[in-house]
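First up is the structure itself, then whatever we jot down about it.
Labels A, B, C, D, E, F and G are assigned to the chains in the order they are written; within every chain, residues are numbered from 1.
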Amino acid sequence: MSERIARRGGLVRRLPLVAWLTVVWVMLWGTFDLGTLFFGLVVAVFVATLFPTPTINTNMSVRPLSLLALVGYLAWDLVISTARVSWQAVTRGPRATAGIVAVTLRTDSDHIIAMVANALSLAPGKFVLQIDRVNRICYVYALGMQVEDAESVRREVLALERRVVRAVGSANDVALVSGTEGRA
Amino acid sequence: MLAFVVVHLLVALALPFLARRSTRAAFLTAAVPPAAALFWVLSQAGPVLSGQTISETVEWAPLIGLQFAFRLDALSLLMTVLVAGLGAVVLVYADSYFTRGGGDARRSAPLLLAFAGAMLGLIFSDDLITVYVFWELTTICSFLLVGQAGLSRESRRSALQALMITSLGGLVMLLGFVVLGETAGTYRISELVEHPPGGTATAVAAVLILVGAFTKSAQIPFHNWLPAAMVAPTPISAYLHAASMVKAGVFLVARLAPVFLGVPQWYLPAILFGLATMLLGGWRALHEYDLKKLLAYGTVSQLGFLMVLFGAGTHTGAMAGAAMLLAHGMFKATLFLVVGIIDHQAGTRDIRELSGLGRRMPWLAMIAVLGVASMAGLPPMLGFIGKEAAFSAFLTGGRPDLLVDVVLVLGSMLTVAYSLRMLFGAFADKPGVPATKAKKPGLQAVLPAAVPAVVGVVLGLGYPVADTLASSYAEAFTPVVDPYHLALWHGFNLPLLLSAIAVAGGVALHLSRVQLTAMRNRLPRPLDAQRGYERIMALLERVAVGVTGRLQVGSLPTYLGIILLTVLAVPGSALLLRTDLPDDLRSYDDLLQIPLAIVVIVAAIAVLRSRRRLTAVLLVGVVGYGIGGLFIVDGGPDLALAQFLVETLTLVAFVFVLRRLPVRFTQSDTTALRAPRAIIAGAAGIFISLAAVIFSGARHAPPEASAEFIANAEKGAGATNVVNAIIVDFRAFDTVGEISVLAVAATGVASLILASRHERRKRSTRVPPITAKTTIKQPEEVRE
Amino acid sequence: MTVLVALPVLLPLLAAGLSLALGRFADFQRALGILVLGAIIADAAVLLHVADTSGPVVLQMGAWPAPMGITLVADRLSALLLLVSSVVTFAVLIYSIGQRITDYGRERSSTTFHPMYLVLCAGVSLAYLTGDLFNLFVAFEIMLSSSYVLITRRTTATRIRAGMTYVIVSLASSLLFITMIALVYASTGTVNLADLGEKVHELPEGLQSALALLVVIVFGVKAAMVPLHFWLPDSYPTAPAPVTAVFAGLLTKVGIYALIRTQTLVFSHAESWNLMLGIALITMIVGALGALAQNDLNRLLSFLLVSHIGYMLFGLGVYDVIGLTGVILYVVHHITVQATLFLVSGLITRHTGTVALTRMGGLAKAAPLIAVLFALPALSLAGVPPFSGFVAKLALLQAGVGAATWPAYVVTGGAVLTSLLTLYAMARVWTRAFWGQVKAPEQDPDPTDELVVGTADSNRPMVVASGVLVAASVVIALVAGPLAEVSGRAATDLMHGETYRSAVLGGAAGE
Amino acid sequence: MTWVFLVTFGLLCVAGLLVLVRLILGRSTLDRIVSVDVFVTMIIAGTCVGMGWLQDGSNIALLAAFALLAFIGSVSAARLVEKKEPYR
Amino acid sequence: MTTTPVKRPSWTTWDAPTERWLLSGFCRDGKQRTMLLELVARIAFPTVLVLSIYLLFAGHDRAGGGFSGGLVAGQAFVLRYLAGGRMDDSAIVSMRPPVLIGLGLTIATASAFLPLLFGGELLETAIYKFAVPPLGEIKFVTSVLLDSGVFLLIVGVVLDLLRTLGSGIEADVDAAERGQR
Amino acid sequence: MTINLTMAVVLAVLYSVGFYLLMQRSLMRILLGIVILGHGSNLLLQTAGGPPAGAAMIGTTDPAQMADPLPQAMALTAIVITFALTTFLLALAYRSWTLLGHDEVRDDIEDRRIQRLERRLAESEEDSAEDLAKEATQ
Amino acid sequence: MSLLDVFSAVCLIGGALSCLLGAIGLLSFPDVLARLQAATKPQTLGLILILIGTAVQLDFIYASGLILVGLFQMLTAPVMAQLVGRAAYRADSIRRDTLVVDEMGDRIERERRVR
């Protein structure tokens, strides 16, 4: 029953999606005129209506500045990590070591956990091997680490979580991550 | 004439329905059309015998010389007496012979009538193809009549033997007809007679046609089907295998003799094989105990005799042949019907078991005597007249002709001997054999037997009628100054002496029959036609099984290998032998082609070595992506896009299926096969690549159509993407076809995959499966 | 007017689409199929009439002139074959509807059979009509893909191997086909058949012959010419009767048609073609011998099918007007008769519950109607007069003798021998299955397997459909005169490609 | 500018061939899956460079499709491997 | 959102998200679920559909066309299947794949006949241009009808493959596992 | 117009590998062989149009520099058809697996029977020929 | 060479180098998990750099499409990594001797013993 209702849940709820799809359409055509926009809107509404997605409770609020900071951090991280991993590949090669570290996140939302995992996995060197969703544990694989590096890995992950939450998390989550820094 | 033939066949078609009600009505109804045909032909006898002919032509497919051409002349008139006259008689007789309402009766009535119709068509034909059409129809009727319900193995064998031998002849004859017709430019017999063609082709045609005549008329070495066919019910033997069908070959020789006058390939085999057949048939008849078999060998012998007479192609020979043809039909029909009555009433026809029937059935014995007398050539029977003429026919020529006469006399002796054997065997009182119990036959059985016997006597006494008939036919041959005439008395001359010798010799042979049989049993039998036939059929079977067993190995890899070998052997050799490599060879056109090529090549070769399914699939995916890359380099973005999309979807589909299959390939092939396969595959691959180089080097002009596409795409098809314009507009029809294939494939996949779900559903509602073998092996683990 | 040329392709495709979309309505599917195939018969008849009286009917698809667009051409040959084929497909449809109704009841709809069958018909029609080599490939694929589905429908453990053989060999030959098209295009720059006919002759001699031979092999696999035939007897016999009937009747003939079309219009041979004559002889003999070794009725018929492909190759090998006339006549005859025999074999199998001849017996008494339905096409196949097979065979023999070369004589002799062996094979079927003691029907070992529905009755539509085809073959014999005339004219057209070329390319031809 | 493109292509080609080596060596199926994924990415990159070189961007949307494809193929293959028995 | 499993879950099911990311009547068992994948699928699915529609319409002037468009749309569904399992309710209009295939074929073949109504040849294309003031000039090429038929059919084919090779085989695997236990 | 040697080698390898795989018993290998052959033939079709050139897009490429569009269109059709048939064969392999427990193309049973008969005939000489003749002519 | 060209050249060559380094890593690292790091991530960077380098060369109307490609790559690469890594772990196709710490394996062991 609730499914049906969720499905119908007006166009308003789907506005971000429609907007995104319209943007995609316009970017694909590369022509920025009224016609393209109009048809993009038509297509977006068509797709969004024909294939509805279930509602998800997200209290996300985007903070542009923090988001920009996050993107910048990720870009920098990408470059740095690439260099690091490449160095590993060239110098250590087959003798490279690695470890799997459990990190308990502080936030409890599918979205945030997924985004953290995604952001973490974007750069080389680390990625989330497994998520224990119920216990909010991310098992992070880190390349080139030694036994003593486990704590620093945990710290890095939690720092990333903080950045993500600040960029898109709800006020609640922000409160959750700030202050209690570095606790694992 | 066509009308009569058609009426026969139409009535035959309707008869099964009548026969279901009453077989008696069916037989009697069946007798009507032949009788009518006989009366009509006899009513035309006057003009026909005076040299006029009646012709009818119905076009069928003139382009290939197919037509029904009919002609009533003396020969066909004579044959009508046999075919239609005896047909009517036999049909009436058959009703008394067959069990009323029985399966054989129900089957035989329509078939006999159809046969009569086909026979009529045959004897009326004035066209080679028409002859063949009816010829084969009689063969088929004979097959069905001999086999009947095919209950016994013997009847099936005999029917098949008759069918095979006569069809063999028929087909060879057809070839002869075609050769003759194509050489002469016409298939009309009357035209061929008027303008006989010559040359090698005609000689070849003569031989081929003779083969047909020999098989149908049971000449050596094809004679054996005839005695074997005696498993048929007696009316059928009497009609088909004595009076009419077996005459078809002789009739054909008679018909075509004027065409092949003076062709040695025609008359030499006819005379030689005829003589041999006459002797052999007579000799075999002397030792038979089964009355029907005895008569059958007698028929073989007589057919040989007729073959000699007609094959000679002389005026007198033709006269004799005509007379003997008629005589034989009459007496043989009589004797068969008599034997049929004996068999029917006494339950046996073995002469060792029959005794005293002459006294029990004096009338029947009388009739038999008339028949036997004609057969033995005693005056005043028609048989005597014919034999006189026959002896005369070979007296005028040189030494070879005399030799023929000697053999004819020998043959006649044998004829007399087996005639006596038949008569005494059937009717005499035999010491030590108890008198056979037999009911007196009914009038409906005896009368039909009597009719031909009486006709034999009447035509003998009224020999001028027979003479007119025979002369009228013989006119076709080179006219002689003083033509021979049939007569009872020519004075004391050599033929009469020969007749006397024949009779005397025959009586002597009959008296010494016990010694003869003993002698025969001591003689080696190197040539047995029956064994020969069986050997050949066994050989055929052997060859069939051998060839098929060796070629049809049932192995798909082999079949595919053979296809590839054929590609290599046929166009491959044509290409290699007759062309050179083009001279503008380049090693590459775009630098990027090289790395992509390396990727494709390495991945493709790696597929061969991969043991795991998923690895192989991934490697094939890389090949596909690499080719997509090549498409991009080549300037085909649409193509590349499609290639990438399809490759991915293929990969996904493979993975879906691999969920269920084992991780590794099953290795079942022996390594021995690897090398030949690799060689074939490599050679074929190199051939195609070579062909690609050579063929692409042969074109120097850019394609016209493509320039047109580029010129018209924007205005005509509304597309600047020319490839797309081709797909949706210029060649949109291809696209429609292509999506149909997709739709079909998806439907097929559904029907295959969902089948197991249906089965599960069915199984859950029913008893456990009977054969569905679902061994589910848990796939191996993915691990190094 | 010219639209009529496309209807035999587009109508069944449209109907197939509707049939898929409305797959739940059994009666609708049946009615649609019958309606469309009936319409195609009428259409083909009109096309034949027009093509015969006023020349080829040419449709340039999308109004693009010939070398650009795809051209559909109904000349005498294609219209004639289309007509005969559509009669066969129509009858087979009736038969299978009847069979489905007896086996599953009236209400059951079929999501696969009807659409696939219609697509198959479209593919066959397109193969006859198209004037474009690549489109011919598409036609083959349409036809073959639906045949794959039909042959593997309701496949069982015992039959799946056969389906695989069929699919894989066909796929392999399709790939060769595409390769051949690529080579053709590489060397000539066109795929329009009429255009190709002109361009191919600009190639060096060796390339021409290599290409012609490659084409022979590509179509030879489909046509089952020896030694490319092995797949056929292993696969056809295992499909249900109507499927085998239409496969045997049509699919191989489409291969033959393609062979004839390409070898006359595109490539041409100066005199009688000895290689083809040799292949013809081997095909005839190997097929006939194969038939004699069989105990399975359907396999026997399949080998005979192979054998008689040899006749058609024979006429093509003679390569003159009368030879091609013979081929056309033979194809027309054989499409009908071979399909009929497989349908009747289906009736026999349902009656006896087995395909093994040794386990049958007494059918002539037990089922006289089946006996008649079997006997007539059997005799016709053996070339016994006055049936259609005789007419066609006679034309071929005349062609062989008329060619007056030693190879032609030898093959003519082989044709006669094959005729005899065919008759022998048929007579053996008769003596084993129809004569002898009546045997009780065999128990069906696998009731889910459609191939043998032991002791299931054959309802009236099935018998009527078989009867209609038997009647059709009789009619072919009856109208042999006009038919031979049309075939002769068609053969003349084939020998002189100008009619076709100028009809397709317009005034450009002959320059 | 041409040399830039040539160098880029050269580096990509070398990288591609290295990937090919891993693809052939394996050793596990997952290695191969990763290699295929990387290979497709290389082709995307190469195509992109080519479009830049030719100054023709009209078909750039293709790349979006390509990027999607590699992903789907790898995911499905990885799923297959994963489906087998769990750890130990 | 309280997930209190009766049995302690195997470690392989830890990845299951707590929310419903994709609309699906049937969920994969936890073992196969992946939060990240479902998230990506949720975002990518409509995006890829838009891409596919773009390809359909862009085909005339750039690489693409009904065929590629249909395949890309099909890939969207593949992605959705990989992430979320069976997709019985993926759209508001539920249509069995064979029906979609049939519809596509019908449209494509019917579009061949369409020009006849306007006096053209079979499969002939007409180009219409409209000037709609605010949107600019709109070009309509009739062959897009054929392309749409192709598009629909391909989508139907891919969906059918997912139904058969995807879910069908999955059901077989399940049945086999049940049978073994 | 001649195809360059690199492409010729690629074609040779693709066709050889495809043909070799085609002659295997494992249905999956055969299937891969068909896919590879499909790749080979599509590549051949494309290269039949001529050496690499610009995409056939009016407005972006000079018509003189355009690659021949027709082979591309044909190859596109061929790709789709090969794909369709590949999935079908895949389903067939799967069906074979569920029915038989293997995915191999084994030899034909009926053909095997005739081969056994042939071998028996070859071993036994004259005497059995008689029986066979009886069998044959029954 | 304009400044834009220089930027473009840096991006292109840098991207290609990144790809190459990734490929080297793919070849040299000991097990799937490590190779995964080396292969997929530098690819992402490399691709993005190349996209940027190309976008600079093209008209903006075309370059917009490249943004989509980049986004797509960034969205999917991590998912791919996680799925493959997880599969490798589940299928036990990793080298445990190179793992200095495995808190996940420890936990699984612990829970198994408890049970």
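The definition used in the following text is that a contact is a pair of C-beta atoms (placed from the backbone, for glycine too) under 8 Å apart; a residue touches a chain by one contact, two chains touch by 3 or more.
If you want to know which protein each chain is, UniProt gives these names: A = Na+/H+ antiporter subunit E; B = Proton-conducting transporter membrane subunit; C = Na+/H+ antiporter subunit D; D = Monovalent cation/H+ antiporter complex subunit F; E = Cation transporter; F = Na(+)/H(+) antiporter subunit C; G = Monovalent cation/H(+) antiporter subunit G.
All figures in this text were calculated on a predicted structure; none of them were measured in a lab.
**Student:** By the contact definition above, name the pair with the higher C-beta contact count: B-F or C-F.
**Tutor:** Pair with the higher count of C-beta contacts: B-F.
**Student:** Measuring between Cα centroids, what's the chain most distant from chain G?
**Tutor:** Here the answer is chain B, farthest from chain G.
**Student:** Using CA atom averages as chain centres, what separation in Å is found between chain A (Na+/H+ antiporter subunit E) and chain G?
**Tutor:** 16
**Student:** For chain A (Na+/H+ antiporter subunit E) versus chain E (Cation transporter), what separation do you get between their C-alpha means, in angstrom?
**Tutor:** 26
**Student:** In whole angstrom, what separates the CA-based centres of chain D and chain G?
**Tutor:** Measuring from centre to centre gives 11 Å for this pair.
**Student:** Using mean CA coordinates as chain centres, what's the chain E (Cation transporter)-chain G distance in Å?
**Tutor:** Chain centroid spacing, chain E (Cation transporter) to chain G, equals 28 Å.
**Student:** Among the residues of chain C (Na+/H+ antiporter subunit D), which are close enough to touch at least two other chains?
**Tutor:** 10, 13, 16-17, 20, 61-62, 111, 115, 134, 138, 141, 145, 148-149, 152, 155-157, 164-165, 168, 172, 179, 182-183, 185-186, 234, 293-294, 431
**Student:** So which bits of chain G are touching at least two other chains?
**Tutor:** Within chain G, residues 22, 24, 36, 59, 61-63, 65, 68, 72, 75-76, 78-79, 82-83, 86, 89-93, 104, 107-108 contact more than one other chain.
**Student:** Which parts of chain D, given as residue numbers and ranges, touch two or more other chains?
**Tutor:** 9, 16, 28-29, 33, 35, 57-59, 61-62, 64-65, 68-69, 71-72, 75-76, 79, 81-87
**Student:** Contact residues on chain D for chain B in the complex?
**Tutor:** 9, 13, 16-17, 20, 23-24, 26-29, 32-33, 35-36, 39-40, 43, 46-47, 50, 59, 62, 65-66, 69-70, 72-73, 76-77, 79-81, 83-85
**Student:** Using the touch rule from the top, collect the residues of chain E (Cation transporter) that touch chain D in their complex.
**Tutor:** Spelled out, the residues of chain E (Cation transporter) in touch with chain D are 10-12, 31-32, 37, 44, 48, 51, 54-55, 58, 61-64, 68, 72, 75, 78-79, 82.
**Student:** Quick check: in the complex, which residue numbers of chain B touch chain D?
**Tutor:** Interface residues on chain B, with respect to chain D: 591-592, 595, 598-599, 602-603, 606, 612, 614-615, 618-619, 621-622, 625, 628-629, 632-633, 637, 640-641, 644-645, 647-648, 651-652, 655-656, 658-659, 779, 781-784.
**Student:** Within the complex, which stretch of chain B touches chain E (Cation transporter)?
**Tutor:** It is residues 637-638, 640-642, 645-646, 648-649, 652-653, 656-657, 659-660, 716-721, 724-725, 727-729, 732-733, 735-736, 739-740, 742-743, 745-747, 749-750, 752-754, 756-757, 760, 774, 776, 778 of chain B that touch chain E (Cation transporter).
**Student:** With touch defined as at the start, can you tell me which chain G residues reach chain E (Cation transporter) in the complex?
**Tutor:** My answer: residues 72, 75-76, 78-79, 82-83, 86, 90, 104, 107-108, 111, 115.
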